[in-house]
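As written, the chain order gives the labels A, B and C, with residue 1 at the start of each chain.
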Amino acid sequence: MTTDATTDAPASPTAEQAPEAAGTARAHSNLGLGRLYLRRFLRNHPAVGGVVIFVLLVLFGAFGGRFTSYAYTDADFTALTQPPSSRHWFGTNQGGNDIYACAVHGLQRSLMIAVSVSVLTIVLAAIIGSGAAYFGGRVERVTLAAIHFLLIVPSFLILALVSHRLAGDWRVLIIVLTVFGWMSTARVIWSVSTSLRERDYVKAAEFMGVRPLRIIFRHIIPNLGSLLIVNLTLGVVATVLSETALSFLGFGVQTPDVSLGTMLADGASTVTSAPWLFAFPAGLVVLLTVSMTFIGDGLRDALDPTSATGSAGGRR
Amino acid sequence: MCGEGVPRVVRYVTRKAVGWLLMIVVATNATYFLASWFLDPRSNFKELRPVRSESQIDRALAPYNLDPRVPLVHRWWDWLTSVSLHFDWGKSPTGVSVNGEVGYRALVSAELVVVATVLSVVIGVALGVYTAARQYGWADRVSQAVSIVVFNLPTSVAALAVVFVAIWLNQHAGLHFLYVAGENSPGVEGLLPMIGDRLLHLILPTLTLTLMGYVGYHLTQRSLLLDTLHADFVRTAQATGLTRSQAIRRHALRAALIPTAASVAFSVPAVFTGAVITETIFGWNGMGRYFIQTISKNDVHGAVATAAFAAALTAIGAILADIATVFLDPRVRVS
Amino acid sequence: MTLATPLPVPVPPADAEPVLSVRDLRISFPSEAGTVEAVRGVSFDLLPGRTLCIVGESGSGKSATAMGIMGLLPPTADLRGQVLLGGQGLIGLDDRALSKIRGNSIGMVFQDPLSALTPIFSVGRLLSDALRVHQDLTKRAAWEQAVELLDLVGIPDPRGRATAFPHEFSGGMRQRVVIAMAMANRPSVLVADEPTTALDVTVQAQILDVLRLAQQETGAGLVLITHDLGVVAGHADDVAVMYAGRIVEHAGVEELFHRPTMPYTARLLAVVPTVDGGTRRPLVPIGGEPPALVGLPDGCPFAPRCAVALDACRSDEPEPRHLTGHGHVACLRATEIVNGSLDPTGDAAPVGLPAPSGRAEAGEVVLRVEDLVKTFPLTKGALLKRRVGTLHAVNRVSFDLRAGETLGLVGESGSGKTTTLLEILRLRQPEGGRIEISGTDVGTIASSARVRELRQDVQLVMQDPLGALDPRMTVFHLLAEPLRAIGRDRESTRARVRELLTLVGLDDSVSDRFPAALSGGQRQRVGIARALATEPKLLALDEPLSALDVSVQAGVINLLARLKRELGLAYLVVAHDLAVVRYISDRIAVMYLGHIVETGDTEAIFSDPKHPYTRALLSAIPIPDPERERTRERVVLKGEQPNAARMPTGCVFVDRCPLYRLADEELRHRCRTQPPMPTSAAELPGHQYACHGV
């Protein structure tokens, strides 16, 4: 069961052949690969904007609490459901909690969950996906069957069941989201790795007597590089969206802890009477996901010059 | 379709279906144990007044095969036999038939999601094709930016934004047909008014679902077409005397639509599983909301049936996607 | 079977109006590194019925010229100059106006037939669509014409095959379809961009004949773009040699081959290996690499590689000048060269090739293969895989190889030569037969540690150096990897890497570069250095030169020869280019459908080929000399190598054999029913062939 909507088709990386004339590759010979990537990335303005926004969000989550005397658990009974004011910058909710303090804490919580889940997922998916592709045969068949099985088990239901019972400990949420979230990424990595597996340099390594695990970690995973990095950033987006959805339905982070998702859920019922309860967390979530997507797109273009938007020829 | 192709496809589908069925059976049984472990129907009775004793509660649950005193394996066996012999998926802790609920709510969900799916596909694919052919033009840049933002909106935010705008419109423009909650208004009589009323209630949730759904089609169709735009065969078609846009329309587009067709085929069955958050926000009693209710009301049988239903529809979708590919792509079809 | 057909030379009308005139064509693309000036002022005329060959190495701008003429460049390209088709200017026309001309007055044949046809339409549909774009035809009439066209280009059973999809055709057959599409509307100009590069040499001969047929049918002028000087010699009336985006020499084919005047042309001709003639000419490598087309320095772009360059060559780029009795040449010293007072190749002495004939003294046997068999299960259906048969990729192949010796395995793609190589490199018990390396039967090795040890003795150099080198590792790490795999410590690895770089003639400074930053020749040198890291006794080379430009090939050939001499290596070379094989091999084994049909000393095979397949293979290779190329007898094989799934019970070559067709009933029966055994040629015991008819 999907969390919502009817499709889950993300924008797939494309492999448009850029009209790159002979000689361009050689012209970079004295320019380090890293500097070349950086130059391409910096030329992509939305991506740079994404980085700026993301860094600001992280700083806000980390140090935003210093600018207010309220903690997110404090209740100010003299100000219930107050609109933003000089005392409560983002206003207060029905229980008198300072929304600014809640937002700082919720952002921190959501970021923590999103980044850890995304990193864990990509590590798990990379090892399983590329391992299955490299070894092939029975290993591959069993892995794919397991992935299909886990995809057909309604993971959202299990997420809901588990977090319903374990009462919203965010660390448990990280584990659950990882355990049921790695499959589709692993499948993508598997299918890309099957073509990497046939590359000449992998075969060459085999003929040189390089051991299988070393081939996976030295030749296959590094060459998945751009795919992994892009999936890492998009994984942050996906996790934020899942956490938001789960928390919105009451299965994610639970009170008294606060995440952006729970704030959205709390604010939803009063969207007309007290819009600030909803608007601030909604704005933060959207800034977070959009900035991550721009970063991901920029990284893809920078690392993988054959992708659709990566051709310098095509731009301006 | 060549002559011997059809039976081969049938054989292929049968084999696939058996594999999926096995997986569904295993997954469903595993869900049964998980649900029985995590959901405690007794807690539903804890808040009832007058307070009931443990044994009273257990006795009340016994007729529905939910008595915690009976070993789990026995309960499972009873449940399994009733499912496999009578296709009876059991009762909720309050004695409501799961079969009846799922049957009714799946239709409600379909009513909600079908139109949105059709609109999503049409708008998304059309936009994808239009913008891919004009890559880096202003239309492409604008729609790309919009789609990226929409793609990153949590459904709840999008739905509530729609609600907010609708209420504002209702208040300021004096509109009264944008209903923000429910499937229908109470007290409407007669067939045509009832249909009209239901349609009006559909507007906002459909809008929300379309918004959330078109994005995926737009972004994937765009990149699929961009991939094929630069294929050698498009250049060959141009060399025979087609203009660039004719070559794109007749050659690149056909090839680029095949994966989209498969993904549409995959998503068609999913209309019955509904949309959890949209249903919750707009107050539609479809499958999505049922699923939330089964968990919060500790309805083991309902939750398991929902899971099995979703798994079955996923499998059907996967098979439909395969069939679509076989019929559309000669490279898969022959040889 | 068409025996003894000297190429028909079309008689071009002497002074007709040119059908195509190109004046000062300039094409540039924006790129990361700056503007790429792909074409820098190209001018030529094409007369009806004539063939103009544009020849050049990769990156010389020849394909961009073709696309520029067709108006098929990507929109980012900047196109200037004039292209006049029958007097009408094409540059500046919009897409709609150009589309009325493309396919109607000008048809194009592309390089890669595998991707040039829309996969989702039948070839009949593609062809009739191509007709209906420009002609007002009913669907039925167009289909009929399509079938006729398919028949014309030599597709067997054209009516039945018209409903088939492109992926059901072989590469050669697809290229025939592409040619049919190009000639469908009887254009006055045909442009063929490397039409045979992706095809086997025997198929190349057929396709070039079809192209010639198309030209005769339509009376069109043909612009044939190629890198193969043999093809040029056989087919061109006029030749334009391109270097760094310009035509540096433009002359009639006789004049150009007789007296190449631009030093680049002369050096190029000196560096092409040939199959004919008595002795091997030594190859004189040009040295250096073609320049990148970004920010070209002033002066003649060839000057840095030129043996006779003057100081003036480095300051100003010479304009093409007309030389009486020759053509146009862009060289300051053209007059001296054309009157014979200057040798354009300079005094660059041929770099030492090992004694051309006579084997190096035979060392110990490094590799012995006996009755090697390898089969693959053949499955059908993309979704539901069923086993429908067995592919006999390698069938009882035997040979041995001694230290200091080179054995060339040649044959068309699908002949099993690469499979043989990979089976040997696998170092496992083969499916059938025995493989012995340095006296050890690989089937008897039990421990994987021993396999690892044996691996040091056998190493591989792959075809595509860019693909064979991990793009995310520096040259140092690439070379260190095999050393690490055998457990060398850090210090000795570092020393060995330096040693290896010196050995293959690379500078130490490349060791922290990534493969993408190296030129093609440098990459292949890294590939060779990597293979040598563990001091192997046997080097397997899988098409080691086919990814390299002609001007770079010679350097690698000479490197391989030097290494063999210095290190006493044994080479097992797989290649499809017989001319190249001739230069590096002591012995040759010709493979067809998994069988070795003929084996012997290189010179014996080339001077006196016995097996009809070997003869056809040798005859299919064009010779870069117009006189000999146009007068020699050619054996053009009909059809293509069949699939190795249905193996004939008798001789594997029977379906395409020219001798079989001429044979009497008794011999035919033997050919069909008994597999021929290898027999030795009378005079040479090492020269064996398997044929009933010789």
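To be clear about the criterion, contacts are C-beta pairs under 8 Å (C-beta built on N, C-alpha and C of every residue); 3 or more make two chains touch, one makes a residue touch a chain.
For reference, the UniProt names are A = Oligopeptide transport system permease protein OppC; C = Oligopeptide ABC transporter ATP-binding protein OppF.
All values reported here derive from a predicted model rather than from experimental measurement.
Undergrad: Most remote chain relative to subunit B, going by C-alpha centroids?
TA: Chain C.
Undergrad: Go through A-B and B-C and name the pair with more C-beta contacts between its chains.
TA: Most contacts of the two pairs: A-B.
Undergrad: Rounded to a whole Å, what is the gap between the Cα centroids of subunit A and subunit C?
TA: The computed centroid separation for subunit A versus subunit C comes out at 47 Å.
Undergrad: Using mean CA coordinates as chain centres, what's the subunit A-subunit B distance in Å?
TA: Each chain's C-alpha centroid was found; their separation is 23 Å.
Undergrad: Counting in whole Å, what is the centre-to-centre distance of subunit B and subunit C, each centre being its mean C-alpha position?
TA: 54
Undergrad: Which residue numbers or ranges of subunit A touch two or more of the other chains?
TA: 314
Undergrad: Per the contact definition, I'd like the list of subunit C residues that touch subunit A in the complex.
TA: So the residues of subunit C in touch with subunit A come to 29-34, 36, 38, 58-59, 64, 74, 76-77, 291-294, 425, 451-452, 455-456, 459-460, 462-464, 467-473, 481-482, 484-486, 513-514, 516-519, 530, 534.
Undergrad: Residue numbers of subunit B touching subunit C in their complex, please.
TA: For subunit B paired with subunit C, touching residues are 8, 11-12, 15, 231-246, 250-251, 254-255, 258, 322, 326, 328-332, 334-335.
Undergrad: Please output the residues of subunit B touching subunit A within their complex, sorted ascending.
TA: Interface residues on the subunit B side: 20, 23-24, 26-27, 30-31, 34-35, 38-39, 113, 116-117, 120, 135-136, 148-149, 151-157, 160, 163-164, 167, 209, 212-213, 216-217, 219-220, 222-224, 226-227, 229-230, 263, 267, 270-271, 273, 275-278, 280-281, 288, 291-292, 295-296, 303, 306-307, 310-311, 314-315.
Undergrad: What does subunit A use to touch subunit B in their complex?
TA: By the definition above, subunit A touches subunit B via 1-17, 148-149, 151-154, 156-158, 160-162, 164-165, 237, 240-241, 244-245, 248-251, 261, 264-265, 268, 271-272, 275, 278, 282, 285-286, 289-290, 292-294, 297, 308, 314-316.
Undergrad: If we count contacts the way the header does, which residues on subunit C are in touch with subunit B in the complex?
TA: The touching residues are 70, 72, 95-96, 99-104, 107-108, 110, 112, 115-122, 129-130, 133-134, 165, 167-168, 178, 181-182, 184-185, 380-384.
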